[in-house]
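Labels for the chains are A, B and C, by order of writing; each one numbers its residues from 1.
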Amino acid sequence: MPNSEYNDVEGGMGIVARRILAYIVLILLTVLCLFWFYVLFINSTRSNAELNRGFTLLPSTYFAQNLDNVIHGTLPIFKGMLNSFIVAASAAILSTYFSAMTAYAIHVYDFKAKKAIFTFILAVMMIPTQVTALGFVSLVNKMKLTNTFIPLIIPAIAAPAIFYYMKQYMESALPHAIVEAARIDGSPEYKTFNTISLPIMKPAMAVQLIFSFVANWNNYFTPALVLNKDNVKTLPILIAQLRAADFLKFDMGQVYVAIALSIAPVIVVYLCLSRFIVGGVAVGSVKG
Amino acid sequence: MAKAKKSQVVKYNKWGYIFLIPFVLVYLIFQLIPLFTTIYNSFFENYRQGIVQVGPNFVGFQNFVTIFTNGDIPTYFSNTMIMWILGFVPQILISLLLGAWFSDTRLRLKCASFFKTVIYMPNLIMASAFAMLFFTLFSDIGPVNSLMIQMGLISQPYKFLSHTISARGLVAFMNCLMWFGNTTILLMAGMLGIDSALFEAAQVDGATSTQVFFKITLPLLRPILLYVLITSLIGGLQMFDVPQILTNGDGSPMRTSMTLIMYLNKHLYSKNFGLAGALSVFLFIITGILSLIVFKFTTQEEK
Amino acid sequence: MKKKLLSALLSVAMVSALLVGCGDSAPAAEAPAADTAAEAETPADDTAAEAPAAEATEWTVSDDGKVLNIYCWNEEFKSRLTDHYPGYEEVDATHGKIGDVDVVWTIVPSDDNAYQNNLDETLLGQADAAADDKIDLFLVEADYALKYVDTPYTVPVTELGVTDADVAEQYQYTKDVVTDSNGQLKGVSWQGCPGVLIYNREAAKEVLGADDADTVQAAVKDWDTFQATAAQMADAGYKMTATANDSFRVFSNNVSTKWVENGAINIDANIKAWVDMSKEMVDAGQTGTADLWSDDWSAGFYPEGKVFCYFGPAWLINFCMAADDASSIAAKGGWGACKGPQGFFWGGTWICGANGTDNASLVADIMKQLTCNADIMTEIVKADDDFVNNQSAMDAMAADASYSSKVFGGINPLPMYVEGVKTIDLSKLTNYDQGCNEEFQKAMKDYFEGNATYEEALDVFYKGVTEKYPELTY
């Protein structure tokens, strides 16, 4: 790639040449991104014996068999999907709604502690959850919340990064005048927030809902510390178990299907909403 | 009259506090209290011997002394940084290039949204599943090795996870793959935000696109680049899922791909809360300093 | 002076504990915060661990449970129960039914102490657990059996209703492993695990000229001969063993010192001998370095894997060698067995009853049926090629010419096991064996592959073990 720039300086590469180069690089990167998923797809259709014989580029016919083995295996993948969904969906809804509420408090009102709180939230935004994991785990133990979803869902209410995104968005999309107008109409404050401000925030909420859902769906560190019973484990824990468990590896076909199952839902959702998601990445996270 | 209006505003403003209650309460309980417990624990000897609890016994700074003097912190810190740099450098280069292409109006790339969709996709994949996938693909008899043997590139399987370079390289490669789409889109947004009049003026002056890129785009992108750099650095410090699952928590070979959080996880896992606490405090201080930098930078922009 | 400082520090600690609300993180779960601070006070100058057995040597077992909770690390026991326990109905992979009692399986892989950690949590929470969540039965391996047996969390089998007469036919060593320091038997096993060398007949014919046990035994009769044969195998394109770890148990079972002596980690001379031999073999390309259980290891179960032999007990053959897959060597009866360079054992699974179980008689019945009932045990041998824990039944079957193993192409391997089981010596077991064995194999892999010197690898081993067991020194 630095090469191309070099050429450019030398001869002033024509626009067509540059376009071709761009396409070549893009196609290479596309292949690089998609190749792994292709291999995953192929291998999930092959039996263990076939997998042992080496790799082929063509799918085989064992997908249904492998899927059946996973369904009847000891690894509760489908229960895990359900658990992951419950956790991710609840956490996403809570964090989006309450982050919007927090941002609203900072954006609309003027009170003494406002600046201090805003500064505090920004300051802690970057502190990773891992740092407090130890205290978190012992707190969860004390509260007897191990093997429940509460410690994975409720903390989502306080999500500084989502708050920041919402705050940025409000600055451009929610003028104070709207709130003022609602007040003159006699609308109570919480109602103004719920029925007037939230609809305006819809695009930002939707983007954060998706990101927050994906982040929680994929989260491994915290759930692994809080959940240790099979019937509550989320997908990433089960996947990690696949890596560790000796007896599960006797059938690699099953392993590939299990991986595919944990990836597929997110990919399907993503492909449906991709334009929206890709557009949402840049908004608010950095002011361009 | 004026007085009445003011109290009206004050009356409204108490809602500011009310709306903050959920956030503050949850943050206090699930973040702040754990943070203090963590710090508190770092001064105690506290672990399990079999099923028997040992401690907590107050030991002062002994835990900190232990993790620094036995060389663990420096080693795992440098491992983490090396893998982060290996992944970040290609990531930022590719992202800059793609961002420039995507935002270059003269280039008029077709299917840009298709490419953006594809390159962003790995970011959404469950890191643990992605790591498990790579583990199976790159195992000694996995598809990558068998493909390379079939193509005649090698005669013996290459043991990816038995060599420091390839193990770290795999982790870095996966991180790069997962994040370059995200970075591209961020940088592109930054580039599109640059006043197009500047580019037009440069074109009129006969600047090549390379010159435009280095003389105009890059300097103006500085704030965003800094933001990307520091958030990525903090993300890098938290590196866990990928190396953990790829190496099954061993950081093989010889712990050269063991990251700080993997090490923390080891102690949390064996319930050695004293050492885990000391390690957390160390991480807290490092990320705290980095956060401060980001914070300064974001509030600067606020003005 | 020192005391004053200490008390000052302690009061600071207490205050912060009170402020924080939960100073201590022992998940043993006493709720009130004040308690916690008080706890922090006592052990300050007293470094000794509190003895767990102090108060609770009272056995509480009852019979009114509706749910039987079983904890184990793989599917072996489940398939034994499904296939051989009268009245067990499978509902799905992790649920079953015995009469009107629901059976719930909790299967956690044993890798990296995950099974033990999970079991610890469960046993520690047993007193507070709801009736349906109380653990009733769990399995342990020889590597860490003592850790559980010598605690009040495991109930003596006599309390459940299994008598000495019931277990009379069991091999003595299987009882020694799970007898606590008070001499009480705390568990039973259905299997004996004497190991043999399992060889690939195809390879034996090709390289050694014949595939009968005597010819092969002559070629592996001691470690020097073993290595010489390995060289021949390598010339013919076969690996002697799939990985260096295959022979680890053979060496580690013949040690003269324990993994941990007086609180310090100890490397026995025989362990070092394994390292030296394995290094030579790896360097010569006669064996690999993959982990046990990895797909690189199990590739040798198929002809394409080109592996000459595995070391294993009966359960390995049944449980791992893919006899149900038509393309495997086992399905074609392509394995043979001989004694190998040294006798050894590997693994073994013991059934323990948890203190506080509410299905005592059902647990006892499972124990009796699977480990004392000669008919069922004979059936297990016939169906699963296992070697069961019943002396007279095994002696009888060893002498029975009509029994033969399909995997071994129609020979009866039992006489070899019966021979081997007599030599099993478990006196060198410690609570730390699983962690030590696992970490040692992991660390030596780097030495074998040339990533580290022996000393460097040893350092990583020490590090890994002390991370798991902070109380140990080296």
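Going forward, a contact is a pair of C-beta atoms (placed from the backbone, for glycine too) under 8 Å apart; a residue touches a chain by one contact, two chains touch by 3 or more.
A quick note: this is a predicted structure, and the numbers were derived from the prediction, not measured.
The interface with the greater count of contacting C-beta pairs, when A-B is set against B-C, is A-B.
Chain centres computed from CA atoms place C at the largest separation from subunit B. Separating the CA-averaged centres of subunit B and subunit C is a span of 39 Å.
Mean C-alpha position of subunit A lies 14 Å from that of subunit B. Touching two or more other chains at once are residues 33, 36-37, 41, 136, 141, 248-249, 273 of subunit B.
The set of subunit C residues that touch two or more partner chains comprises 22, 24-25, 27, 111-112, 117, 294-295, 299. Annotation for subunit A: residues touching 2 or more other chains are 52, 134-135, 137-139, 244, 252.
Of all the residues in subunit C, the ones that touch subunit A in their complex are 22, 24-25, 27, 29, 31, 74-75, 78, 92-94, 105-112, 114, 117-118, 121, 292-295, 298-299, 302, 304-305, 319-320, 322, 325-328.
Interface residues of subunit B facing subunit C in the complex, by the touch rule stated above, are 33, 36-37, 40-41, 43-58, 60, 70, 72, 136, 139-141, 159, 162-164, 248-250, 252-255, 266-267, 269-273, 275.
On the subunit B side of its complex with subunit A, the touching residues are 9, 12-20, 22-24, 26-27, 29-31, 33-38, 41, 93-94, 97-98, 101, 106-109, 113, 115-122, 124-137, 141-144, 146-147, 149-150, 177, 181-182, 185-186, 188-190, 192-193, 208-211, 213, 224, 227, 231, 234, 237-238, 240-241, 244-245, 248-249, 261, 264-265, 268, 273, 276-277, 280, 283-284, 287-288, 290-292, 294-295, 298-299, 301. Those residues of subunit A that touch subunit C in the shared complex are 48-49, 52-53, 72-74, 76, 134-135, 137-139, 141-142, 144, 146, 228-230, 241, 244-250, 252. Residues 6, 9-10, 13, 16-17, 19-28, 39-40, 43-44, 46-47, 49-52, 111-113, 117, 120, 123-124, 147-148, 151, 153, 288-290, 294-296, 299, 431, 442, 445-446, 449, 451-452, 456-457, 460, 463, 467-471 of subunit C are the ones touching subunit B in the complex.
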